[in-house]
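Order of writing sets the chain letters: A, B and C. Residues in each chain are counted from 1.
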Amino acid sequence: MKRRVLPGLPLALGFTLFYVALIVALPIGALIFKAAGLGIEDYWRIVSSPRALASYRVTLLCALGATAANLVFGLALAWVLVRYDFSGKRFVDAIVDLPFALPTAVAGIALTALFANNGWFGSALSQIGVQVVHTPLGIMIAMFFTSIPFVVRTVQPVLEDLDPALEEAAQSLGGSDGEIFRKVILPLLTPALLAGLSLSFARSLGEFGAVIFIAGNRPNSTEITALLAFIRLEEYDYAAAAAIASVLLFTAFVMLAVTNALQARALRYTTRG
Amino acid sequence: MKIALDKVAKTFETFRAVRGVSLEIGSGELVALLGPSGSGKTTILRMVAGLEYADEGQIFFGDEDATDIPVRERGVGFVFQHYALFPHMTVAENIAFGMKVSKVKRERTQIDARVADLLRLVKLDGLGERFPSQISGGQRQRVALARALAVDPKVLLLDEPFGALDANVRRDLRRWLREIHDELGITTLFVTHDQEEALDLADRVVILDQGRIVQEGTPEEVCRRPGSAFVMKFLGDTNRLEGTATGGRADIGGTVIDAQDVPDGKVELLARPGDLGWRTEGGGIAADVLRVIDRPEGRRLLARTAAGDTVEIDVPADMQVRARDSGFIEVRRGNVFPA
Amino acid sequence: MSAASSRRKPPRVGDAPAIRRTLIGFVLLTGAFLVLAPLLVIFQQAFSFGFAHFRDTITHPDTRHAIWLTVLTALIAVPINTAFGVAAAWSVTKFDFWGKRLLIIVIEIPFSISPIVAGVAYLFVYGLQGLFGPTLQSAGVQVLFALPGIVLASMFVTAPFVARELIPLMQAQGRDLEEAATSLGASGWRTFFSVTLPNIRWALLYGVVLCNARVMGEFGAVSVVSGKIRGQTNTLPLQVELLFNDFRRSAAASAFAAASILTGLALVTIVAKVFLERRGAGRRNQRPALAAPVVAAKDPTA
């Protein structure tokens, strides 16, 4: 019989499994059970109602927009932090984590105050006819804010570990800056970039606190799916809440699988690991 | 294409890596930069490539002052110590890279043909579609060389090209590199800390220590006529015996050795294990055997003289000798330097 | 003497001044507008009705209760979660067993799930229409709309935080030291405290700091399970929402006053993060991904 070398497995694993079962698996199981108990017809009716569909559209499109913005900003930020020196760099490097550390509700009201028609930015923007609060643009900005750290922090280590000899080799072979970036650097960053983007996208899909203040929450135009579930709950329509929440849960599982697969690939070109 | 360095110097922060180095490499020559770590050899190579800028001095390619020309325009082929192959490209794509980004427009078929030629040259036919992670270290180095050669460089520069490989692989690749050089006739400069490699491969060896050239010459010249104790010790196993010189002759523990041009006073005799012999009688330097070391190439004695010096002596494999035997060290040949 | 004598290093890709300035400018501008400005507006708004209003809001019984409830939740949830993270990391990195990869993935689940889903899920366990609801009610035990529910939901949301900081680190550190200690006769606890803990303390602290920040700031999940009863089951983030939705002119100032406390916490968290990252903790200093196999390159001779 195989004997374990180190002690403590029964206690540690037992506690771990107990905790996971009670805190994580049980609630998820209960939700799935509740949603499954609705029957196919009712379930389908709820999740494909016009209002639900509108909420999926709003949530998905805004998340895509926020993620696309994060692709550009996150990549640029990672590049600047790794490759350049400038005064205040350490401060910028630290403040990048603010969206991660700041409670979502606080982020929500801060962004709302900034972009409201009498806010610092809102007043200037409304003069050129751009409305942020109570529009999908506002939702996108809120989602963008909360997922800033994800792209940057995933790309940064890979960029730091990039072998300088690869760039020198490409230069010695006659490549221009643009060619080297396109053909050598970017392909090597792409796995990490994709992993960061999928984390960012997953976060944006489920974001609640930062979004609901700025969104205006008008059904069919600025209502996100998470809020729809919440509203059904407040209406005591538990069946609908379960169904909508199960859609979000399913999406989360899919994103979890995608992110895990991408994260495994993200490091395959680095010198370590 | 000949290369000339004129009083080139480079300082990193406070560390003076290269001090006033002047060197000429003839067209088609294969020259080794040999020296211990920190001797500046890699820095010199990178300055010739344009991967570092010289703080002082000039670098000439042919008659042209190349000191300020950026690396991508110098037309050098650089082979890195750890290959620096692009991990996301196949072997064929790696080799083709220089041609694809070149200002000279080449047809796709031309590029493919040249890649195939190069794969054949480096004996890696058929491996074009593999990725660097799927081939061995020795194969990767050959791909790196093929990639550097693909752009028809005027000069080939190699930075410790075989340093990361096993001894057997190193020896094979060394031989093969010499063949390629002879076939292509390209001016080649390579950096190594392995004296065997330098002596085996190069037309000329340039020995560096602490940023300066201490000696340069053909392998025969540096081996037979080492210019300093440092060169002698660096190039191979060296025994050191003390003595005194008077009037051009040195007295080493009773034996007299010719020592022209050596000033009177304390001297050290440096001799290879093969330059010494062991006798049980007949005079020489008295010594006791500490250990007998047997190797495939022969037998070596570890002995200590009365004066306390420890020496290694190559003897015939069938010589009857044991540890704790007493006898005499015979000095057949040696280089005398001021102590 | 050549002109290169004054130059330092050949330019790398992207070092050209035009590109450098554009990128730095773009990044700083966007950062100023979308990261720094929100931070500044919080404090500006908090004092927009004067210091007296700020002070009154902070010391108001409802706010004080919200602060107390938030801190209490953290004091319960964070230590338990930390114990879980340590136990999970110990199980997964020092032993091999069937289902190990699956366990790691399950632990990561809460990280991807919307906090609303977490709240709704807990509702369906402990609420009246949930699994245990009727039983709990007849036993007179209050889970939802009370502290236990808030604590449980917070623990769900932050379950992976400590574990995901420890697992990659402990995986990289291997089992050699623990095996050596055990072979010398040390018990499990002794081994853990004397051998393992010193090596993971910064990463552990890092996980605790992040977990705490998230617990204290959690909004979506707690919105669902707390019932939002003013003065009783409002955590500080919920209290901020309550104040913000008030109809009075001073609503924003009150809300931001309460929010400034949470913002101060966020800033402390960032400072702690920087401090700990300098000691080697954090994702940036670990390379292998949480559930990914470590690829070792095999190098056969030519």
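Rule of thumb we're sticking to: contacts are C-beta pairs under 8 Å (C-beta built on N, C-alpha and C of every residue); 3 or more make two chains touch, one makes a residue touch a chain.
Predicted, not measured: the structure shown is a model, and the values here were computed from it.
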#### Entry: Per Cα centroids, the chain farthest from chain C
B
## Note on the structure
The pair of chains with the most residue-pair contacts is A-C
### Query
What is the distance, in whole Å, between the centres of chain A and chain C, each centre taken as the mean of its C-alpha atoms?
15
### Query
Using mean CA coordinates as chain centres, what's the chain B-chain C distance in Å?
55
## Note on the structure
The positions of chain A in contact with two or more other chains are 171
### chain B residues counted as touching two or more neighbouring chains
50-51, 70-71
### Task
Could you please specify the touching residues of chain B with respect to chain A in the complex?
49-51, 70-73, 76-78, 80, 82, 84, 86-88, 97-98, 101-103, 147-148, 150-151
### Summary
Note: in the complex, chain C contacts chain A through residues 12-16, 19-20, 23-24, 26-28, 30-31, 33-39, 41-42, 45, 83-84, 87-88, 90-91, 94-95, 97, 103, 105-118, 120-125, 129-131, 152, 155-156, 159, 175, 178-179, 182, 187-189, 191-192, 210, 213, 216-220, 223-224, 237-238, 240-241, 244, 252, 255-256, 259, 262-263, 266-267, 269-271, 273-274, 283-284, 287-295
### Task
Under the touch definition given earlier, write down the residues of chain A that touch chain C in their complex.
4-9, 11-13, 15-17, 19-20, 23-28, 30-31, 33-34, 73, 76-77, 79-80, 83-84, 86, 92, 94-107, 109-111, 113-114, 119-121, 141, 144-145, 148, 153, 156-157, 161, 164, 167, 171, 177, 180-181, 185, 202, 205-209, 213, 226-227, 229-230, 233, 238, 241-242, 245, 248-249, 252-253, 255-256, 259-260, 263-264, 266-268, 270, 272-273
### Query
Where on chain B is chain C touching in the complex?
50-58, 65, 67-68, 70-71, 133, 136-139, 142, 165-166, 168-169, 172-173
### Message
Can you tell me which positions in chain C touch chain B when the two form their complex?
### Response
1-5, 7-11, 297, 299-302
